[in-house]
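Following: one structure in C-alpha cells, then a few remarks.
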Amino acid sequence: METVQFFNLVPWVVFLPLIGLTVNLLVGRKLGEIFAGSFASLATGLAFVVSILLAVSLSSHPEAVTIPLGDWITIGTLTVRWAFRVDTLSVVMMLVVSGVGTLIHIYSIGYMHNDVRHNGDTGRYARFFIFLNLFIAAMMILVSADNFLMMFVGWEGVGLCSYLLIGFWFEKGKNGTGNAEAAKKAFITNRIGDFGLLIAMFLIFVNFGTFQFDEVFKQAGQVAAVKPGVMLLITLFMLLGVTGKSAQLPLYVWLPDAMAGPTPVSALIHAATMVTAGVYLVARSSIFYALVPTAQTVVMWVGAATALFAATIALGQYDIKKVLAYSTISQLGFMVAAVGMGATVAGMFHLVTHAFFKGLLFLAAGSVIQGVERGMHHANHASHDFDPQDMRQMGGLRKQTPLTFRVYLIGALALSGIAPLAGFFSKDEILVSAWQTQPAIFIVLVLAAFLTAFYMGRQLTMVFFGEPRTEAAEKASESPLVVTLPLMILALLSVLGGVLNLPGVHTLETWLSHTLGEGEPGHFVWVVAGISLVLALIGLGLAWMIYSRKTDKAYVDPLKRALGSLFTGMENKWWVDELYAAIILNPYRAFAQFMADPVDLGVIDRIGGGLAAGTRALAESIRKLQNGYIRSYALLMLLGLAAIMTYLFLR
Amino acid sequence: MTLIDLYSILPAATLIVWALFLLLANFWFSKRQPVWTPILAGAGLLASLVVSIFFTGKPMAGFGGFILVDGFSNFLTPLFAVTGIFAIGLAYDYLRRMGIQRGEYYTLLLFSISGMMLMASAGDLIIVFLALELLSIPLYVLSGFAHPRVDSQESALKYFLLGTFASGFFLFGTSLVFGAARTTNLTDILAIVSSGEADTMLLLIGSALMLAGFGFKIAAVPFHSWTPDVYQGAPSPVAAFMSVGAKAAGFAALIRVFSMIFPSLAAELTPIFWALAALTMVVGNVVAIAQTNLKRMLAYSSIAHAGYLLMAFVPFGDAVTRSNSVASALFYLTVYALASLGAWAVLIGMEGEDNQGTEISDLAGLGKTSPLSAAAMTVFMLSFTGIPLTLGFWGKFYLFRTAIEGGFVTLAVIGLITSLASAFYYLRVVVKMYFQEGQPEFHWNFWTSSVAIFTALALVVFSFMPGSLFDLALRSMLTGS
Amino acid sequence: MNIGLNPLLLVTFFPLVGALVVLLLKPKWKTALRWTALVTSLITFGLSIWMLTRFNDIDPEIQFELNLPWITLGNNQIGFHLGIDGISILMVLLTTFLMPLAILSTWKAVEERIKGFMAFFLLLEVGMLGVFLSLDMVLFYVFWEFTLIPMYFLIGLWGGERRVYAAVKFFLYTMAGSVLMLAGILWIGLQYGSFDLTQLSGSGLIPAAAQLWLFGAFGLAFAIKVPMFPLHSWLPDAHTEAPTAGSVILAGILLKMGAYGFLRFNLPLFPNATVTLAPWMAGLAVIGILYGAAVAYLQKDVKRLVAYSSISHLGFVVLGIFALNLQGLQGAILQMVNHGLSTGALFLIVGMLYERRHTRLLENFGGLWKVVPVLGTLALITTLSSVGLPGLNGFVSEFTILLGAFSSTVIGSPWFAGVATLGVILAAVYLLFMFQKLFLGPVTHEENKKLKDVSAREILILTPILIFAFWIGIYPKPFFMLMAPAVEKLTALVQSAALLAH
Amino acid sequence: MIPIAYPLVLAVILFCMGIVGFLLRKNAIVIFMCLELMFNAANLVFITFANHYQVIDGQVFVVFVMTVAAAEVAVGLALMVTIFRTKQSIDIDQMNSLKG
C-alpha cells in the first residue's frame, strides 16, 4: 500500500519552535502580548501537527526512520551527525511534548497576562514565550535525536530552559534571590546527573565506537557478554543522569524548589515533559538494562523508594504547588520503577497519562492561585506575607472557582488512581508488573499509591471544601476562558487517557513494540486492581474525614497532633536539603575557600614572592660584607685567593 | 725600531703624543674656550680610531714580540677608541655642571685609553704590567677628580690602595711564572710550557696570583668589593668609562694571557673559573637587587656582567670552543659597553650636585618628563636583561651557547637563572620611570643625550642583524690560535 | 615565490606598519589614533582571511613557507623561517579576529596616552603572530620574549590599582620559564646543528634520555604560560589588573601561546618524553581543572573569577593535548579557540560593566538583567558558552577532549578524564554563581538602577564572538577539517615514537 | 753561591709581610709602604730567577717595576695630601662613607 510519508518533516518539530522564538526575540516585544503568545502557541501547535503527521506515517510504516540533517563532529573515528530518529517511541514523546505544550502555551497567554502584572514587569511577557519555545525545541531535540550526543544537547538544553524559567522572576523569592538560587540549584543538580550521563557516553564510545542508537544497541548483547562490568557501569552512570533529570533519589531536591517558576512552567517542564526525559532515556536504552539485571534492580528500587519517600513529604506540605511537586517526584518514581522492572510500556503509559493529569493539576492550581490573587487585590490587603499559594489560606474555593474545582477534581481522582480515569489504568499496569515479578516493590508502590490518594484528598479538602479561611479566598474568582479551555481539554484527556492501552487491547503496547521489541503484554489482574482501587478510596476518604472538619484561622495540621515528630519530618522534607548543605554544599564551599585563601593566596602565590624575598634577604646579608672598610675588602680578596690556592694544593 | 714596530703601536702612540700635546694646549684653552679641549681630545681619539681601523686585518708582531697586532687587538682597539669618544661626550656637560671643568681630565683619559690599547695587543708580561699601570694610574686620579668632594676622594683612595694591592699580587704572580718559564714573552712561555719543561706548581701559583690581579680589574667576586664604592664616589663619566674600558682591558689581558700561555693548565684552572663565574653572577645579580642607588646598582650590574663574561671564558682550554669563547666574550663586551655607556649617560643627565638624583626612586616620572631618555634607558635595561630585539639578547645567546658548547650546561643554567633575577632590578628602573608619578629634574644636554640615543639605537637596530657583528667577533683570533 | 606577496609576511608585519603610522600621529589626535589602530587590525584580519582562502586544508604540511637566511653563528643557521599549517592557522585567525574587537573595546575605556596604547597593542599583535608562525626555534624565542614587552607596558601603564605588581609578576614568571627553554634551544642547536623545526620535528635524532630534560626545559616555559597548576599565580593578578583589552588578548591569545608551544615543540621534538610524561601532565591538567574551578567559586572580583576559570579551561586544553589522540588534540585546539572567544567575551562584558560602574566587585552588582536586558542576554550566552552548554562552542571542544582523554592509551587510565568531567559540574557552579551575582536577584545598589544598556558599538564587539560561539557549537566541521590533516600527522608521529618506546 | 731557595723564601716572607701590613695598619702612608714591600718582593724573585737562569728579562722587568712604582708614589702621595687637606687625617678606617 502506497501512502504519503511525512518523515522528512521531522526537523520541523525543532525548527518551528525555533522560528517562533526568533520572531518573538526580534519583534515580540513590539507587537504586543497577543501576538507574542499566539505566535509561540502557533509554532508549538504546528509542531504538534507535524508530530501527528509523523505518527500517521508511522502507522503505515512502523519501522524507525532516520532523517539526517548534517554533520556535527567528525574527528577520526568519532562521527556524530545531526540526525532525527522517527520511531514509535520518539513520536509518542513528540506528541506528548507538543500536544501538552500547545495547551500550556495557550493557557499561558492568559496566565502570563496576569502574572507579569502581578509581578510588575510587563516587558517580560514576550521573554516567557521565547523561553517556552526554546524549551519545546530543546525537548524535541532530546526525544528525536538519533544518537546519544545529540540527545544530550536536548538534555542539557531543557535543563537550561528550566534554569531560565525557574529564574524567570529572578529578583523575587526569598531575600530577593530565592528564585535565582532555585534556578541555580536546578541547573547544578542536573549537571551532576549530566556528569553521569557524560561518563556513560564516554564508556559507550570506548566500547561501541559510536553514539548512534541503532549501532550501539546492535552490539549491546555482544559487549555485555564480553564485558559485563562495563555494561553495568554504563547503565549505572546513565541512572545518575536519570535521577538528576527525572528528580529521583538522591538528586530530586531541585524539583520542589523549581516551583519558583511561573505555574505553566511547573506544568510543562516540571511535571509533564522535561522530568520524564529520564524515563524516556531508560526506555530508549531498555536493551541495555535488559542485559544487566543488577542495574535493573537498582533502577527499580530507586524508583520505588522515590515514589514512597516523596509521597510522605507531600503529606506535610502546605504550598499547593509543592504538594504537586512532590507528587510528581513520586509519580516519576513509579515510572522509573516500571522501566526498571522491564515494564517499559507500562512506564511510558504512565508517562503519557501523567502528563495529562499532572499538567492539568498544575494548570488548575495556577488558576486557583490567580483566583486567590485576584481575591487578594479585591480584599485590598496587600500585606507582604500573604502567600497566595498557601493552602492554609484557602478553603471553600469550589464556590468561587467552580470550573477549576471540577477539572481539579478530575485530575486528582486520576492521580489517585480511581477507575476508570487515566491514572487508574496506567498505575495499575505498573502495579501488576510488580505483583508478578517483585513483591517487595509491589508493597512499596501500593503504599505510595495509598499515600498519593491521601494527600490528594487532603489537598482537595483544604483548597476547595470547607469555608474560606481568608478574605482573599472568599473573594477569589474564576479564570478567563483562555485559561480554562486548556484545562477542560486536559481534563478530557485525563478521563479518557486510559484508552491508549486498555487491558486486552494494548494499543500503546503494540505501537511501541516496533521500537522496544515484543514484550509480554500486561495482564489485567483483578486482585491488584481491587487492592489499588480500595486503597485509593480509603486514602481519599480518610483525608476527607480528617481535613474537612478543620476551619479555624490559626491553622494547625490535624495530622501533626496524630503523628507528632513524624509529621514534623514530613513538613521539613526529612531535612534532606539541610543534609546536603551539611555534607556537600558547605564542605565544598569551605574547600573552595580553603583553596582560594590559604592554599592559593597563602602558599602557591607566595612561592614566587617567597623566592624573591629569599633572594632579597640573601642580598641584604651579602651586602653587609660590603662595609666600606678598605681592609676588609683586601681581606676578602685575600680569602678568595687563599681559597683558590687551597683548591690547587688539595686537588 | 722598524716601521713595523711603529705601526704596531700606532693607535696607542697617537694617543700618547696627542695627550702630551693636549696637556700643553690645555694651558691655552682651559680658561678661554674650555670647549676646545674635549673637541681636540675627541679628534685625537678619532685619529687613533682611524689608524686602528686602517690596520685591521694585518696581523703583525712589533718590538720583538712585545706587541702583537692580531684579530683580537684589532677588535678591541677601535672599541677602546669609541669608548673614549663616548666618555668625552659624557664628560663635558657633567664637568661643567659640577664645577670641575679641568682639561687634565681629557689628557688622563687619553693616557688611560692608550694603556688599554697596549693591553689588548700585549705580547709580553712586561707590556701587560706596564699597560695595566698605564691604564690604572690615570684612573686613580680621575676617580678623585671631583675633589674636594669627599666621596670622590674616598673612592680614589680605595681604588688606588686596593688597585695597587692587586697589582702586587699580579706582579708576584708574574715573577713566579717567569721563574717557571725563564722568559716573559708570551709566545716563548707557551713553547716552554707545552714542552713540559716548566715547573707546574710555580706556574699554577703564579697563574692564581695573576688571576687575582685580573679579577680585580674585571671586578670578579671576590675581588670586586671596590667596584660599587668607587663607581658611586667617582665622577659619573669616569665610572662609566671604568665600567666599560677598564673591564674590557682587564678581560683583554685575561684572555690574552690565559688562553695564550695556560691552555695546558686548563684542567686545573677550569674549575676555578667555573666557580668564579658562578659566584660573580650570583653575587652581582643578587646584591644588585638590594640597591637603592642607581650608581651602585649599575656597579653591581657590571659585576654581574663580569660573571657572564667569565662564563664564556670557562671553556678556554678547549681548542674547539676557544674561538667561540673569545668571540662570544668580545661580542658580549661590545654589547655590554653600549648598554652601560648609555645607562650612565641617562644617569649623568639625572645627577645633580653631591650625588643628588641618583637614587632609583628619583627616576619616578621620567617617562613623562623626558620620554626619549626614558625610552633609551628602557632599551638599556632590556638589553642588560637579555630580552630580544635588543643586542643584549644576542650577547647572552652567544654566551650561553658557548658555555653549553663547552659542556658547561649547569653553569649556563646558573647564568640563565641569575639573569632572571637581574630582570627584577632592571625592571624596577622601568617601573619607576613609567609606572610611578614624579617630577624628576633632568639635565638635558646634546652630547650626553646623543650618547644615550646613539647607543640605544645601536642596540635595537643591530639586534635585527647581529650576524655581521658575530662575524666580526669570530674573526678576532688571537695570535697562535 | 614572491617574498613580498607571502601572506604570512603580510599578516605578521602589517600591524607593524600600523604601529609606525600611530607613532607618527600626534598624541592629541585621539580619534585618528583609534581609527588607525582599528583599521590596521581589520586589514590584518582581512589579510588573514585572504590567507585562509588560499590555504589548502587537506595538506598536512607547512604551507606558504618562507625561509630566509638570517643569522649564521658557527655551525648554526638561524633562519627567518615562517610557515603555517592546520595547527597554527586557527591561532592566527583567532589573533587577527580578536584584535579589532579588543581595540574597539578601548574606544571609551582608554582615554590617556592612546598613542602609546595603540602602538603597544599593534606591536603585541606582531609578536603573537610571529610566535604562531615561526618555524625556527630562535626566531620563535625572539617573538616569544618580545611579546612580554608590550604586554608589560599595557598592564603597567593602563592597568588597575596593583598594576605594577601585576606587570612585574607577569614579566618575571614568563621569563622564569623561558630562560630554561633558551638553554634547551641552544643545546639542541649545538647538538644537531639546526634550529629549524621542520628538520628536527619527528626526526628521531634526540635520544630518549635527553628528551626528558628537554621536555622539562621547554615544558616549564609553556606550562607557566598556559598556565598549568601550580605555576599559575601570575595569571589572576595579570588578568585582574590589565586593562580590558589587555585581559582579552591575554586570555584570548597569550595563554594559547603556551598550549601552542606544547603542540609545536614538545610533541614533535620529544615524542618519547611526551609519551612517558603524558600521565603526569594529564594529572596536573586535571588538578588544574578542578583547582581553578574551586578557587574561582569564591572570588569577590569578577575579573579574578574569570581568571581562575581560565586556569580550569586551559586545564582541558592540556588534558586534550596529552591524550595524544585525534579527539583529544583536535578538541584541545578547538578549546583554545573557544576559550579565546568565550573568555574574551566575558572580559569584554566585565569591562563594559566596569566602564559603567568603575568597580569589579561582585557585591556591587546584582539584578542587572532588569536594568540592562540586552547586555544581560549577551552575558548569559557568553556564560553558557563558557559553562560548556551543548549547542554552544565550549561543549564541542570539552566533550571531544574528555572523550579523547577517556580513551587515551597514552594517559593509560580513564580516571583522569572521569575526574576531569567533574569540572563540568564545577564550571556550572562558579559561572552561574557569577551570573547570578551580576545579573540576577534584586537591584540592591542605587547606582545600578540607571545603568545604560549596551551601545551599538558594544553590540558590534560582542556579536561576532557570539556568532562564532553558535557556529562552532552547531557546525564545528569546518574548524575540525582545517586542523585535521596536520593533527593526524602529528598524532602519527607521536604514536610511532610511542610504539618504539613501549 | 747562595741556594736559590734563600732569596725566594725571603721574597715570600717580604710579600706576606706586605700583605699583613696592609691588613693591619690604618695609616695610609704605612699601608702604601707595605705595598712597596710587596712590589719589591716580586722584584727580588725576578732578580733571583734572572740570575739563576742567566737571562736578562728579569732585570728589565725590575727596572720597569721600579719606574712604575715611582709613578704610583707620586699619584698616591698627591691623593693623600688632598685627602689630608679635607679630612685632617689619613686614617683609612675613617674612609667608609661609601658602602652597602
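Order as written gives the chain letters A, B, C and D; numbering starts at 1 within each chain.
The working rule: contacts are C-beta pairs under 8 Å (C-beta built on N, C-alpha and C of every residue); 3 or more make two chains touch, one makes a residue touch a chain.
Everything quoted here is computed from the prediction, not taken from an experiment.
Pairs B-D and A-B differ in how many C-beta pairs touch across them, and the larger number is found at B-D.
Measuring from the averaged C-alpha position of chain B to that of chain D gives a distance of 26 Å. Averaging Cα coordinates per chain places chain A and chain B 79 Å apart. In this assembly, the C-alpha centroid of chain B lies 43 Å from the C-alpha centroid of chain C.
Chain A and chain D have CA centres that are 97 Å apart. Within chain C, residues 172 each touch two or more of the remaining chains. Annotation for chain D: residues 22, 92, 95-100 touch two or more other chains. Counting partner chains per residue, chain A shows two or more touched chains at residues 623, 626, 628, 630, 634.
Under the touch rule stated earlier, the contacting chain pairs are A-B, A-C, A-D, B-C, B-D.
If you check the complex, the residues on chain A that touch chain C are 70-78, 82, 121, 123, 149, 152-153, 155-157, 160, 163, 167, 170-171, 176-177, 180-181, 183-184, 187-188, 191-192, 194-195, 198-199, 201-203, 205-206, 588-589, 591-593, 595-596, 599-600, 604-605, 607-608. Against chain B, the residues of chain D that register as touching in their complex are 8, 11, 15, 18, 22, 28, 31-32, 35, 38-39, 41-43, 45-46, 48-50, 52-53, 55, 57-58, 60-61, 64-65, 68, 71-72, 75-76, 78-80, 82-83, 85-87, 92, 95-100. In the complex of the two chains, the chain B residues touching chain A come out as 157-158, 161-162, 165-166, 169, 204-205, 208-209, 211-212, 215-216, 221-223, 225-226, 228-229, 268, 271-272, 283, 286-290, 421, 424. Only residues 623, 626-631, 634-635, 638 of chain A touch chain D when the two sit together in their complex. Put simply, chain C touches chain B in their complex at residues 70-74, 76, 138, 141-143, 145-146, 148-149, 152-153, 156-157, 163-164, 167-168, 171-172, 175-176, 179-180, 182-183, 186-187, 189-190.
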